[in-house]
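So, here come the structures, one by one.
Both complexes below contain subunit A, partnered by subunit B and then by subunit C.
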Partner chain A sequence: MAGWKSLKDMTVLSKPLPRLDGPDKVAGQAKYTHDMHPKGLLYAGLLVSPHPAARVVKIDASKVRRLPGVKAVLTDVHPTGTVRYAGEEIAAVAATSPEVLEDALELFEVEYETLPFVADIDSAMQENAPRVFANRPNIRDPRVRGEGDVDAGFARADAVVEGEYRTQVQTHSTLETHGSMVYWEGDELVIYDSTQAVHGVREGVAKFLDMPVNKVRVVCKHMGAGFGSKLQPGRYTAIAARLAKETGAPVKLMLTRKQDFLGGGNRPNSISHVKLAATKDGKLTAFYAKTYGTAGIGTNAGIRLPFIYTIPNWKHEHYDVFTNAGPARAFRAPGCPQASFVMEQLMDELAEKLNMDPLEFRLKNDSNATRQKEWRLGAKKFGWQRRHKKPGADTGRYKRGMGLAASIWWPGGRGTKATMTIYPDGTLDVKCGTQDIGTGTRTYMAMVAAEELDIPMKRIRPMLGDSNFPKSGASGGSTTTPSVGPAIKNTSERAKTKLMDLAAQFLGVPATDLAWDSGTVYMKTNPVKKLTWDELCQLLGTETLEVHGQWVEGLSSRGVAGCQFAEVTVDTWTGQIQVNKIVAVADCGLILNRLTTESQVNGAILQGISYALLEERHMDPETGTMVNANYGDYKILGAKETPAIEVIFYDEPERGVIGIGEPPTIPTNAAIANAVYNATGVRMYELPMTPDRVLTALEAHQFAGKED
Partner chain B sequence: MSKQNSSNKISRRSFLKGMGSGILSTATLTTGGLLSKEAAARILGPEGEAIRGRTTITLTVNGRAHRLAVEPRTTLLSALRDRLNLTGPKEGCDRGHCGACTVLMDGKAVLACMTLAVDARGKTITTVEGLAKGDELSPVQKAFVEKDGLMCGFCTPGLVVAATALLQENPNPTLDDIKEGLAGNLCRCGTYPKVFEAVQTAAKSMRKGG
Partner chain C sequence: MIPNNFEYIRANSVQEALQLLSQKGDGARLLAGGHSLIPAMKLRLNAPETVIDISGIQDLASIHRDGGRLHIGALVTHRTVETSDEVKSSCPVLSEAAALIGDPLVRNRGTIGGSLAHCDPAADYPALTLCLDAEIEATGPSGSRTIAADDFFVGMFETALQPGEMITRVTFPVLTRGTGAAYEKFSHPASRFAVVGVAAMVTLDGSGNCSSVRVAITGAGPSVFRATKVEQALTGKAPDEQAISDATQDVADPADLMSDISASAEYRAHLCSVLSRRALQRAVQAARG
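And then the complex of A and B:
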């Protein structure tokens, strides 16, 4: 199997090419699940529990059923009848119009027996707190990891820092909510789903409905983002399928914005009690962390400590805590933005204690060879030497500061299959059962085939987002590109081999006498004897050529480094943090499309800023429900908060394709927090760094200063 | 442990839509504590017919007049998407927070989810589908593609329309003008830097007459 061409020989790959679905998207022609509108469509909706903990005593849907335009009602959609978070599905209805649906949802009469609840982690951890699950304590058994002798490590240290850090619950809040449009063709179910995993949804829904997998087809040509919240099959899909079965009509069921906030997934919070130590020459000796996090009624609220650093002695005890809140789902680099907030600030605190520059301190403790180069490259581009040596050096209302933080991720490729169909007119289809979640998958599928076959992009139709296509995994974990890229390359190579066999037959020579160059097959010994791409394809006559290929070793690898630098201005009167600039150094091996890759890095950084400064799920302790379950009160970064971003790619094409969706969102919050400290001399121990928290911290600092 | 019933609550949607159209339902008026049930019924009829009824209106969208039946509470967004199958404008929040539903009404950017269909009678509506001339994308659309001012693309129709309105009002915007002009459009993928480039590129090409 041949490797990738060298960068200088590439004519299509690694160039900045506009995405192929761009014209459809800017013209409003790209159809999302939300836009599906077949004839006879019924509008379905869910009635969800307003209570965080309750038993459903009775559901009276008689008024709903009597409403003209209501076509089907389901009152058995909750699996147990015991509600554990506000937002769980209780009933569903399908109606002939959005207006009838709206009226119908108001006519359900549900009797609940409400139960005690714990809607936030602090109340859940109290002694005698109500239990989320009657038979299990809220605090789960710890997961303990580590190496070396922590006590000995602390004993031989010259400097120790410790503290408590907190990060918030963040919701994915994708612009297209979760949902499906489904219809039946006989006993076969067709699902249009806003998903990151067409194959996974097919298998999951088949299981929900107890039907054969091959009778379910899942389609997702365009979807309004996922960030990890759409990796799994949704109960709403199975509900829509039941409503469609009962009515014999297509049914669309999209969660409302509020329902999506409540149950559509989130990033767990974290509470970290941590301690880090080093010798006076700046070598880390020990780290200890005791952490808590809530994934609501779910699990896996872990935090990836000790992050990127090599520490000979460390121990991390983590406890998941159940709360009556929607279950967490994988969210862009699970466990990592939390870890960078904690670890990168601890590193800065320790550097200061050792009277060392934060960059120098990192270079001493970062064992990643790529990141060693990236730190230096980024520092130079950013102008790290302009940083105030003394925190809070600016006088007056506005204070500027600089900070940095590291990135890491472990993506890699995995089994993906693809098919290529070549037509006699020289056009071809590339099919793969992956998804384009806004990452440009469709575009680089065509780019890989164009590069390998040396034919124009416009001849190639990339096809994805259909479970009838060859299997590929979920688009998560930054694994899509390192999985799909090699599979398309492998399929293209096999197509080339088959076409060369055809040419050999036609020319009456062994295939070994032939060579491929610029989309043309020619005889090595007599290069005038050749067949162009069009002539080759014409040899197919009236047939098509079907070629199957798959992911193979050697074209991708795993593991990325990366680092970021932030410059901020803090308004010490209002507590407002303004991010002025982010410089990001990112590596992901061979970059397939420089334009869309840059977009992904930008987006990851902006989500990082949003996480750092704005986003937070607020649970009301009285009602146990999320009080800011809308885009007005749940703040997300917009155009005005977008700073200048400079992305520097550290190319490592020799490593093959890797993946970049997640890593650049990890360091941003910590680089900003460190910059805020550099600006003000005040450390922020809690996310998001909202003006109220900044002012409180500034005041506490000022007050402490006066007492000295 | 208490027993609670939840039903028949007035939704924000019907309340807002009632307020927006100047028509209120009996339930809205009484639940909101504005009027007694009797007074509300006297104004609206006992079943709130004034808001529940259907009416046929004409909407001029992308240069074509459409006759369609809507209810007084039907939003312009729902009329476009659910009646006319113009699904370019997206529903991201249904309460004017995200801008994904932005359309032009008499040349001005408006939020279709916060506009009632009946209030759009007699106005000229342009959706994102109406910006291209045949297969020829508008300068703003072309620049969004070229600069990659989109990722998942769900917010893109709203951003493209908002950018179009912005450039009509201010053909030579500064970066800050662009940020201000697009502040009502949420992009969860974080495409803003490329969107800013796209708007600057479009402005340049439009000034040249492109």
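And then the complex of A and C:
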């Protein structure tokens, strides 16, 4: 198989093209799961436990069943009858309208035996704290990893810094909540799902309902964000399927905003006790971390330490802690933004102790060759040399500062299949069972085919988001583009080969005598003898040409680097941080669509700022439930908080396609935190950096009250 | 997010609204802009049997000046207060403050009467009304009465309005030379309600000293309140930067303030000082013309 064309030969790929579904989305024509409204649709909803820990003694649904408009009720949806977080589903209803549904949900009479609970990590870790799981302690056994001799590493260091850092629980807060619209066609189940994995949901639901996989079809044409929270099949899908079976009608079950906040996934928090050391010439020698994190009733609350920089001797003990809260799920670069907050601030502290510039110090300890170049490129574009040498140098109420941090990511592409159907009129379909989670998959599918076949984009219909299409994996881990891009290229090449065979037959010459250029097949020895794309396709007569292809080695790779620079202004009267500018340098090999790739980086940075300054799940210690489970109290960054963002791509097209969705969200919080220190001389050890936390920290350093 | 069932009636005059109110009794609520009532109904925190829509009563939607008084009808929207030339010239601080309420959707629908009657502890108008020593006209079955702002705000979501009464207009003083006012607000990042909002009005005498000072604070406590310590400290004094700074050191005691996920009581107390200082400085500037 041939590799990708060189950048200069590309006419479609790597250009900045607007997404094909943009106009439909802007005009409200793109149909999301939430918008599905087939004739006879029933509206389903979940009754969830208001208690963080309780045994469900009795559910009396008799009043619910008597309400006109209620078509089906399920009271056995909880597998054990013991709930472990507020928001766990215990019953479900399907009704003829959203109004009846909401009335119906108020008519359940549930008897609970409430149990003691732990709402947050600090109370869960106390001695004699109530256990989340009766047979297991709240603090799990540690996972211990390391390299080298840590004690020796610290012993030969000239400077050591240590501290305790904390990050918060962040909820995914996808604009479209989790949910499905389902109906039965005989014994076949059709599911419209807001998902990052149409094939994964198909397999999961089939297993859960004990059905043959080929009797389940999952469709997701457009979806309103996932960020990792929609990688798995939901219990709500199976519940909707049961309600649809019982009623013989289509059923839509979307989680409410509050239910989504409580149970739809989150990024675990972290508490890190850390220590980092270096020699006086600026080489890192040792790192030690003892960390805790809660994934609620789930596990995998790890924080990826040490992070990015080369440290010969290190040890990391991590403890997952159970709390009575909704389970964490994969969230855009799991474990990494937390690690960045810790590691990059330690790096800055150590640099200051060694009297080195933070950038110089990083260059000495960063073994990634690409990032070495990116650091220098970014610093120049950003104007790093304008940075205050002395922290807190500005006098007066407003203080400006600059900071930086690095990013990294690992996974690459993997098995994906695709099909191309070419019609006699010269149009074609490209089908792949992947999904476009808002990142532009649909658009680059058409771009790859257009580039390979040298035909206009408008002749190509990219089709995805359907488990009836050839298999592709979940859209997670920034793997979609390096998986799907090569599969479409491979399918296009095979189509080309088949069309050339057809041309050879028609012209009566061996295929090896033919060449392909600009959508035309011609004879190498006599170029006037040729067939245009339209003529080629007409050779199909009344048939279509079906071509199958798949992901192959050599068109994608794994591993990206990157760095970000932040400039902030801190209002020392109120503690408010304003981010003025972010400069991001990113690499992802061959960029398929420069516009949507830039959008990915922009979005990642915005989510990073939101994490740094605004978002935090607040659990009420009295009731054990989340108190800000709505957008009015849980603030997510908006236009008002958006700074100037400059994205610089470091092109490495020779590496093939690599994903970029996750890495640029990693360093933003740390670059801001380091900029806040540079502005004020005060280090923030806890996220998010809200005005009251900043002011408290400033007051501790006697800045507050000193006004111009 | 769907209200309970309710009966909806549109009232075309104040008389009709009052009649319906007395007829329907406790289960009835007035609907003006709907930006407090409807969300509460959608969350089923409020489930009125009858909603009396007064938003079409034209008599309550006008602004007019009468000598030294500026009368604003109860149904005047925040957006109208923000943009009205009459308000801008007679009492500019009101326009400034109205521009800081919520977002354009809220400002286009929400009304001054609705905001005051609802009496949210973090709403902006209570601070302005109290600081500017406004008067609230309440109309009930037995006619209209005037309530001074100092007597109107009773507690959290609680006013001096009696059952069966409705606000028909709010009267503010026209600010003349020598008097200036300003409003400073620290907004919640999502809802834009005041985490703390401070309104200040200063009148200077011939020698440039403060003859009267009023400071009102919203968002910080369970209800809007006057910062009497600050007012007393500055009255009779020359309001230079030092005097204002001294007077606003300890505006509020954290023990009296609210603590919630948006801000601790200590942080609110700090904001009371910072925002009072800024509001007073700007009010003095305005008074000096």
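We adopt the following convention: the second predicted complex is superposed on the first by the 702 of 708 C-alpha atoms of A that agree within 3 Å, B and C clash if a C-alpha of one lies under 4 Å from a C-alpha of the other, contacts with A are read in each partner's own complex, and residues count from 1 in each chain.
As a convention for this text, contacts are C-beta pairs under 8 Å (C-beta built on N, C-alpha and C of every residue); 3 or more make two chains touch, one makes a residue touch a chain.
Worth saying up front: this structure is predicted, and the values here are computed from it rather than measured.
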| said: Between subunit B and subunit C, whom does A:W375 touch in the aligned arrangement: first, second, both, or neither? | reply: neither
| message | According to the stated criteria, A:A639 is in contact with first (subunit B), second (subunit C), both, or neither; which is it? | response | first
| remark: subunit A contact check, subunit B vs subunit C, more residues touched by chain B
| said: Contact-wise, after the overlay, does A:P18 reach subunit B, subunit C, both or neither (first, second, both, neither)? | reply: first
| task | Considering only the touch criterion stated at the top, classify A:Y631 as touching first (subunit B), second (subunit C), both, or neither. | result | both
| Now for A:H618: first (subunit B), second (subunit C), both, or neither, which partner does it touch? | second
| task | Could you look at A:P98 and tell me whether it touches subunit B, subunit C, both or neither (first, second, both, neither)? | result | both
| Touch check for A:L695: first (subunit B), second (subunit C), both, or neither? | second
| query | Where does A:H51 make contact in the superposed view: on subunit B (first), on subunit C (second), on both, or on neither? | reply | first
| task | With the two complexes superposed on chain A, say which partner A:L107 touches: subunit B (first), subunit C (second), both, or neither. | result | first
| request: List the residues of subunit A that touch subunit B in one complex and subunit C in the other. | output: 98-99, 102, 106, 256-257, 631-632, 636
| task | In the complex, go through subunit A and note every residue touching subunit B. | result | 18-19, 21-23, 25-32, 34-35, 37, 43, 50-51, 57, 97-99, 102, 106-115, 173-176, 222-225, 227, 256-257, 437-440, 595-596, 598-600, 602-607, 610, 630-632, 636-640, 642, 645
| Residues of subunit C touching subunit A in the complex | 1-2, 4-5, 44, 186, 188-191, 261-264, 266-267, 270-271, 274
| note | Residue positions on subunit A within touch of subunit C in the complex are 98-99, 102-103, 106, 256-257, 573-575, 614, 618, 627-628, 631-636, 641, 691-692, 695-696, 704
| task | Flag every residue of subunit B that touches subunit A in the complex, lowest number first. | result | 1-11, 13-14, 71, 73-74, 78, 81-82, 85-95, 97-98, 100, 127-129, 131-132, 137, 141, 144-146, 148, 150-157, 160, 178-180, 182-183, 185-196
